[in-house]
Every structure is written in C-alpha cells, then in structure tokens.
Amino acid sequence: MSTITRPEADERDMVVMDLAKLRRVPWYRQPRWTRLFGMVLAAALLALATGPNASTDDIFFSVNESMTDGVRLPVCIALMVAFWAFFEFVPKAPVERAKATARANTVDMPAWQNTKKAFDKTPVKLGALAVVVVVLAVLPLFISTRWNQVLVGNVAVYVLLAIGLNVVVGWAGLLDLGFIAFFAIGAYSTAFWTGSLPTKPPVELNPFLAMPIAVVTCLIAGVLLGAPTLRLRGDYLAIVTLGFHEIVYLIANNANGFSGGSGGATNIPHPSVHLGFLDYEWELDPKPYWWLIMGMAAVVVFLFIRLEHSRVGRAWTAIREDEIAAAANGVNTVKYKLMAFAIGASTSGLAGGVYASKTGFISPESFKLMFSVLVLAYVIFGGMGSIWGVMVGTALLAWLPEYLKDWVDENDRITYLGALLVIMMIYRPQGLIPSRRRKRELTLAKEGIGDADAMTEPAGGRIA
Amino acid sequence: MSTTSMTKETTPQTTDAVVTARGLTLRFGGLVCLNDVDLTLNRGEILAVIGPNGAGKTSLFNSLTGVYVPQEGRITLSADGGEQNLLGRKPHVVNRLGVARTFQNIRLFGALTALENVKIAAETRQKSGPVGIMLGMPWARRNERASDRRSHELLDFVGMADKLNELAASLSYGDQRRLEIARALATDPQVLLLDEPAAGTNPTEKLELAELIKHINRELGISVLLIEHDMRLVMSVADRVTVLNFGKVIASGTPAEVQHNPAVVEAYLGASDEEAVPGEEDK
Amino acid sequence: MTVQEFWDYLIPGIALGALYAVIAIGYTMVYGVLQLINFAHSEVFMVGGFAVLMVFTKIDFNDPSVGMSVLLVLLGFATAGFAGAGTAFALEKVAYRPLRKRNAPRLAFLISAIGASFLLSNLAGKLFGRNNHSLTIPFENKKVFTVMNAQVTVLQVLIVCSAVIMMIGLDLLVNRTKMGAGIRAVAQDAETAGLMGVDIDKVISRTFIVGGLLGGIAGFLFAMNSSVGYTMGFFPGITAFAAAVVGGIGNVRGAMLGGLLLGLVESFSSPLFGEEWRYVSAFVVLILVLMFRPTGILGERLGRTA
C-alpha cells in the first residue's frame, strides 16, 4: 500500500512546487513557512502563559519577565520549532499508513451494526463493566480523606451533571450555556423544602423527599425556558441559556428575602433514611456520599442508555443530522428538543439536590457562569454523545486541577482549559472517547454531508 | 369536490381530488417563485410536474409540505373523510396528516443505518414517551418491535432487504433514492411527493424506479406527485402531467396532450432564457 | 421616577447604548458572513482596553494641554483599533479557519470560540493582574452642557460622537464599497460568491478585522468610562450580543438599534428596579423580544434565505 502512495505523494508535492514557482508565491507565503511563523507566535504565547504572575505596581512586569527571563522564551521557541520540524519534515508514510488502516477499520460496516446488541452479547464487555463497578465501589476505602472529598465534591457531582448535559449537547445537539442554572435551581429548591432558606416551606421534608421535588422543579423550569426559545434558530439558544443563567444567579444573589442573598443557605440537613428496618444517616464522611451519588449515576446512565437506543434517541440523531428531513418525516423537532432540554435540566436538578444536602451549605458563588462553561468543556473533552467518554472525560478534568494544584496556579487552569478546547476542536472534535454515531457524523460533515448538530434554523427558509 | 373515502384496493385514476392547491403565490423579497398556481392531485393517480430549471417545481413541493409558507392561496388535503388545510402547517404536521416526501438532493441521516433511517419515520406516530422507554414498559417494547417489523417490510418492498445494516451515506446513489422512498412510505402517507427521484441514477436503476413508483401507486394505493426531468420516465408512469414555467402553470393534461402543447414546446425550446431566472432549486 | 431622574439616566443610557451598538456590530457582521456567534469578540474588546492602558502607562502624561489631549485620544483610538483588529484577525486564523476548512459542525465553532475567549481573558488576568486598573482619561472630563438640568460630560459626547462616526463609516463601507459588496455577497450565499470569484477567506478575514477595529475602539471608550480588567469584556460582550439578536442578527442597522435599546434599558433599570438588577434587564428584554419577534426587531436577515 505504502509503495503505491509514496510516489504519488511525491508527485503531488512536485506539482504543488511547480505551481508555486509559476505563481511566484514568495517563500514566506508558502504554507510551510507561515506555519513556522505561527508556531513562533504560539511559542511566545506559551512563554507568556507559563511566565510569572503579574505584580500590582507595574503592569509590564509579567510581560517583561516572561519575555526576557533567560531561558523561557528560547526554550518555548525551540520546543515549538521542533514540533513544526517534526510534522513538516519527518516522512509521512508511517503516519499515513496508520491513518489509512484506521480509516479502513472505521468504514468496515458489520463492526458498526447495532452497538447495543453487540454490547449485550459480549460477556467480555460485561465483565469489564463489572470490574470497573467494583473498582469504583471500593475506591474510597483506599484513598485519603482529602481525595475522598475531591472525589465526591468535584468528580462525582460533575459526572452526574455531565451525564445530564450530554443528553442536551451530545444527543440533541443543542448548545446550553446555562446548565448550572438548573443545578442552582435544584440546590435551592432542596434547601427550600428542607427549611433552610429564609422563606419557609409549608412542610419541612427529608432531603430524599425534597430531591424529587427539586427534579420536577427543574423539569418545569426547563420546559418554561425551552418552550419559547427552542422554536428559534439553534444558536439563539446559547445566548438565551446564558442570559437565563445570569438571571438565576442574580436572583440567588440579590433576592435576600428568598434565597438568603450572597450569604446563601446554611444548615441544609444531610440525607437520611428512616424506613423501619433501614435507618441510616449520611453525615460528614464523604465515602457514603460517593456510593450514593455513584448509585444515582448508575441508575441515570442505565435509563439514558435505554433512551439513546430507543425511538427518542433516534429522533434526536435525526434532528441533529438533518432537521428538515426529520421534520419532513413527521418528527416533531421542537418536542424532542424540549424533551432533551427538560431531561438535562432535571438531571442537573438532581445533582443540585445531592450537592446541597451533601455540603449542607450553598451560596451563589457555587453557581457562577464559569461552572456552566466548565461542564460543557468536560462533556466536549470526553466526547459528546458518548456516555462513557463523557464520564471519563469529566472525571479526568475535574480531578486534574486538584492534582496539579501544587504546580499550577489555580487561576491559570482556565487559560490552559481554553487552549485545550481550541486545540481539541481543531484536531479532535469528537473528544476523548467518541460515540460511534458522532464520529461518523463528523466525518460525513467534513465531506459536506449533514450537520452533526441541531444548530440550523427550524425548517430552513421558513418565511411565514 | 367529493370526499368519498376510497379503499386502498380501488383501481387508480378517479376524479376524486386528494390534494388541491388553489392560487398559490410565493415570493422571496421581490422574486416571485410561484404565481397563482393551481394544482389538483386526484386520488390514486400519478401526477408529474415538469418544467425547466427554476420553474418553481421544488418551491411548489416545499409549499405543499410546509417548508415554505406561500403568501397567498389555499392547500387542502381530503383524507379519511375530512378536509384538512395544509397551508401554514408545520412540516411534521403535514407529514402526519398523510403527505410524505423525498428530496431532490437526497437528505438521509447519513450516519445511521438504512434500517434506522426507516425506523425513525416508522415510529413518529407512536405514543410511547421517554419515561415508558426508560423504565422498559411493555408498550414501549411492543412499539419498538412493531416499528422494527414495519421497517423490515418496507425495505423489503423497495428491494433493499440485504442492505439493512449499511450506513445510509455509504449506499449507492440508486439505493439512497430507494431508501428515501422507503423512509417516506414508513410514515403511512396517502400522498407521496417525489422530487426528481431518478436524478443521478443509471438507466437500469431508472427502470427499477419506474416499476417501484407504479408498485407504490397500484399496490399501496398511494397517490403520487412526481417532479422529474427524465421525460421517458414521466411518460411511462404518469397518468397526468402539469407543466410549470416561471412559477406559472402553463399546461396540464395527459402526457400525450402535454407533449404536443405549443406552450410547453416553447418553454423547453426557449429554455436558454432560463438562466435569467434565479434558481431556488437547490435550496 | 421623576422627570429629572429620567434625563439624568437617559444621557448615560445613550452613551452606553452607543457603545453596545458598536460592539454589537462586530457580532452581527461575523454572524452575517459565517452564521456563527463569535463568542471571543468580548476579548477583542478587552484587548482594546488593555492596549491603550499599556500605551498610556508608558507615555505617563500628566494634565495634558488641549492639543495634547486630542493627540492622546487619537493615539488611543489608533492603538485600540489596531490591537482589536489584530486580535480579531488572529482569532479567525487560529480558532475558526482550521474548523472551516474541515467543515466542522457549528457547535465546534462555538466551543472553539469559547475556548479562545477563556484563553485570552485569563491570559490577560495572569499578565496584568486580576484586579481592575483605572485608565487615566487624557482630558478633563468636565461637563459640556446640560440637557434639562442633566449634565453631559466631554466623555459622553466623545463616546456618542465617535460611535456615530464609526457607524456611519461602517454603513458606507458595507453598502458603498467593493469590500462591502464582497461582505454582502458572502453573507447572502458564500458558495455562489466563491464561484463568482470572491475570495471568501479574504472577505471573512476582513470582516473580522473591521469588527475587531470597532470592538477595540469600543474597549478604549468603555475603559475611559469605567476601568480596564481581564473580565471587562464579559458583560458588555454578552449584552452587545443580546443587542445584536434583539435588533435582528446579521442586520447591521438592527445591531445599532438593539445596542441603543439595551443601553437605555440597562440605564433605566437602575432607578426603577435597583442597581443590582441592571445586568439582568438586557436578558429579560432579549427573551421578551424573541418571544414576540423571533427574528429580532429588524427581522430580515442579511444571511441566507434557505
């Protein structure tokens, strides 16, 4: 195979070079050298990003330091130029061949047949799943309390959130930038029904009873927000959800009489079970919360997988791929979008409820817009549409900053996350562990077929 | 018009209208795409709409299926003993009332298999909701099995039983056309709108397609509205032909009548002017 | 609200609205040619503010004369405009073009834009500190005249005048020049424009540059009105985007109208509902407008019809 492609590639290069000569493109405008220029700029950016922090009295301090500090800039440039040289001059044959094989594998039809059936039939996969479950179950017993806190407070809650957002973004293809608003609504309604807010409920409930109410509240909030806006052009949803988040956040922050203002709510009771034979109370130890949240996540994942492989999941895929064709075949696109939106919102509300009753304390600070964008980033990093990818990606990205705390300034994490998102979208838009359907869609979209998200306007060109 | 309900086994070609469009006028800004178009599709017949590029054929389809909303006119569907207004209805509502369509530039769900493509259309009228599905309720399972069976039948009907699990995007052009027809049939339509089903297919596929269209019409009793450029295909399947030019109906009648109509000949011979008409065909 | 209060809040409202309008144009133009929200536009705005801050700190003027003031303001415009245009140009090259080349879904563009926005804003926070810097205004910001007893300051006059000049200039650019024709052609139908010999890449690049120029200058004006900080782009950015949507996205005049409307609404919501709610007002208006006019006030799009 490679013996055939190599000469062709060389020939093509020759033709390109001849054309370049004919057109008299100056050397510095040839792609190769503009790429080098870009790499040097990227190196400067890297030097700035890794340089010392700003000082309060001289705004030039940080820039000067990172540009003049002995080795930083040269090292960054050397690194980037080496990268560039590797990709420009190392023969492509092995890489190309690997890619070709990969492509051949993905085009292989029978392997794709009905993922669900393949999954059910493979005992190996079920065994692996069982091992993972057992490992996750015993994990808290082997790590320190600090890491247990991270596991519950950062990882588990965000995994639950990400599973919910995956329905909205990954399956229905809608961009929701205000997902944490529903998390906040869930947390605040749990706080309300357990009697921890300044406004008292008619009856004070156990957190376990308050959580379903929180879920339903979020469901209603999702429908109320989605019903008018999901009819609009797809990308309006981004700004509307973002605005919704700000509204919720400011209400939490400012409506002192209801939400406790910026101080938030304190003394939210921990969940407990009193059912005659079963009498248990979750307290300060994080381990039981881990099992609780993982149990919830397992149930949610089980239910959502069923949904994905049902008519609902297929309708979402249809809308994502070609909204006009979906509508022409009788799919009520607004209804299914709204369904995804509401399901996502209620999952977020569930996470909010657990979070509130676990920490016992909530304040608007926990629901800043930044977190909405972070969950979105986690979902995309993991691989939109792939429930396992989303879980792994979220766990990794939620855990990593804690792990890097000793080396990287906490505030800089967002800088790197931003860079990661851009690079990811350019080189691996399908995410860490992509879903099969999503990956195929992206490949098709690359060839100009279909859409891969529900961002087109409803029934294009409707001019009523 | 009469609203006598017909059974599917009745022989075609009656004078009982199933889709009636009156005075349709569609404008985009200053551009008039459809100008006072009247169209009647009788129950059980195959009606072909022909005309040069940019004559407004696809705009007509889009208007009939709710993608565009004409500024003036009426569209009614007489089905199941009642008359339904189609104008201004959303595309999915039009579909559920019994009008299915295919697209000129095939619009399949490329990343899904042929079977899944048909299933999506077959299950749009099912009632099982997300909760029932998540909890694995018996009715949800029953629905799933029903749509599976129906999709198998339809793929068999269009002759693609062996390509169930192939990705739609990897099928051949002719197969993609047939799959799109199967998908449209899965919504149980009374009327099927085919937008240039033979475009891009080879002569053998065209013959098969003509057979398929006749089958759909005779065996399933579905009225067919067909846009087609291939005159041989039109002549071999259509009961009646309507000719559009510059957004206007210029002739209507049997294929033989239309073929010799001077206005039609003029429209096709003078077709070099067609470049002056901005085409909305691809949109 | 008394009549006096009305005038007192109307004037800053107009100034704020003019700023939003200028930023909103950047969003709407990019939407016109690419059909996507340039989420990183708010960082272009921030870069404009920081660029002027750096230059002014270097010059270190003290109580400049009138002539000097004029020069400094012009220098501010030039710096902010250049920095904004450069940032927007680089953004398009890095975060959008590679995605466009591989025909990525629109979701990918949005995420890439959000990533770029994170990167720029937090990099600025790291380099220049996460506190707000006040930008020394290069002139004495005294009142020029009063309207119904409400004061109008030099800065407000400057903001409104420069915004009006920029908007007129842009309108002429889009509607009267060859470059504007290219932009409109790509917005109508990029594919056909490409077939007709329009260099789409170049047009998109230029659109970003023009939008960035306006965004950067708006950053400078905004910085004089309040302060410079790494998050300064966030609220004006999303408000201006909301303004673009309210006005009818893709429509340049709609963006101007929407910006003015949201500026006024924001200004008046302070005395009516309390200072703490002012940032919500824009979104409430946004949602209300979209409910009743899904395509915005000046509905018809510059973009495709089908």
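Observations on the structure shown:
Order as written gives the chain letters A, B and C; numbering starts at 1 within each chain.
Methods note: a residue touches a chain if its C-beta (ideal position, glycine included) is under 8 Å from a C-beta of that chain, and two chains touch if they have at least 3 such contacts.
Remember, it's a predicted structure, so these values are computed and weren't measured experimentally.
No other pair of chains shares as many C-beta contacts as A-C. Using mean Cα coordinates as chain centres, the one most removed from chain B is C. A separation of 29 Å divides the Cα centre of chain A from that of chain C. The geometric centre of chain A is 40 Å away from that of chain B, both derived from CA atoms.
Note: centroid distance chain B to chain C, computed from Cα atoms, is 47 Å. Contact of a single residue of chain C with at least two other chains is seen at positions 304-306.
Among the residues of chain A, those touching two or more other chains are numbered 441, 460-461, 463. Residues of chain B in contact with two or more other chains: 28, 283. Residues of chain A touching chain B in their complex: 107, 109-110, 112-114, 303-304, 306-307, 310-312, 314-315, 317-318, 321-322, 324-333, 339, 343, 437, 440-441, 444, 449-450, 459-464. Contact residues on chain C toward chain A in their complex (touch as defined above): 36-37, 53-54, 57, 90, 93-95, 98-99, 102-112, 114-120, 122-123, 125-131, 133, 238, 241-242, 245, 274, 276-277, 279-280, 282-284, 286-287, 290-291, 294, 304-306.
Chain contact summary for the complex, chain A toward chain C: residues 38, 41, 45, 48-49, 51, 53-56, 59-60, 62-63, 66, 169, 173, 175, 228-229, 231-236, 238-240, 242-244, 246-247, 250, 253-254, 373, 376-377, 380, 384, 409, 411-412, 414-415, 417-422, 424-426, 429, 441-442, 445-448, 451-453, 455, 460-461, 463.
Here chain B touches chain A in the complex through residues 28, 62, 65-69, 88, 90-92, 95-96, 100-101, 103, 107-113, 116, 119-121, 123-126, 128, 130, 133-136, 140, 143-144, 147, 165-167, 169-170, 183-184, 186-187, 283, going by the rule given at the top.
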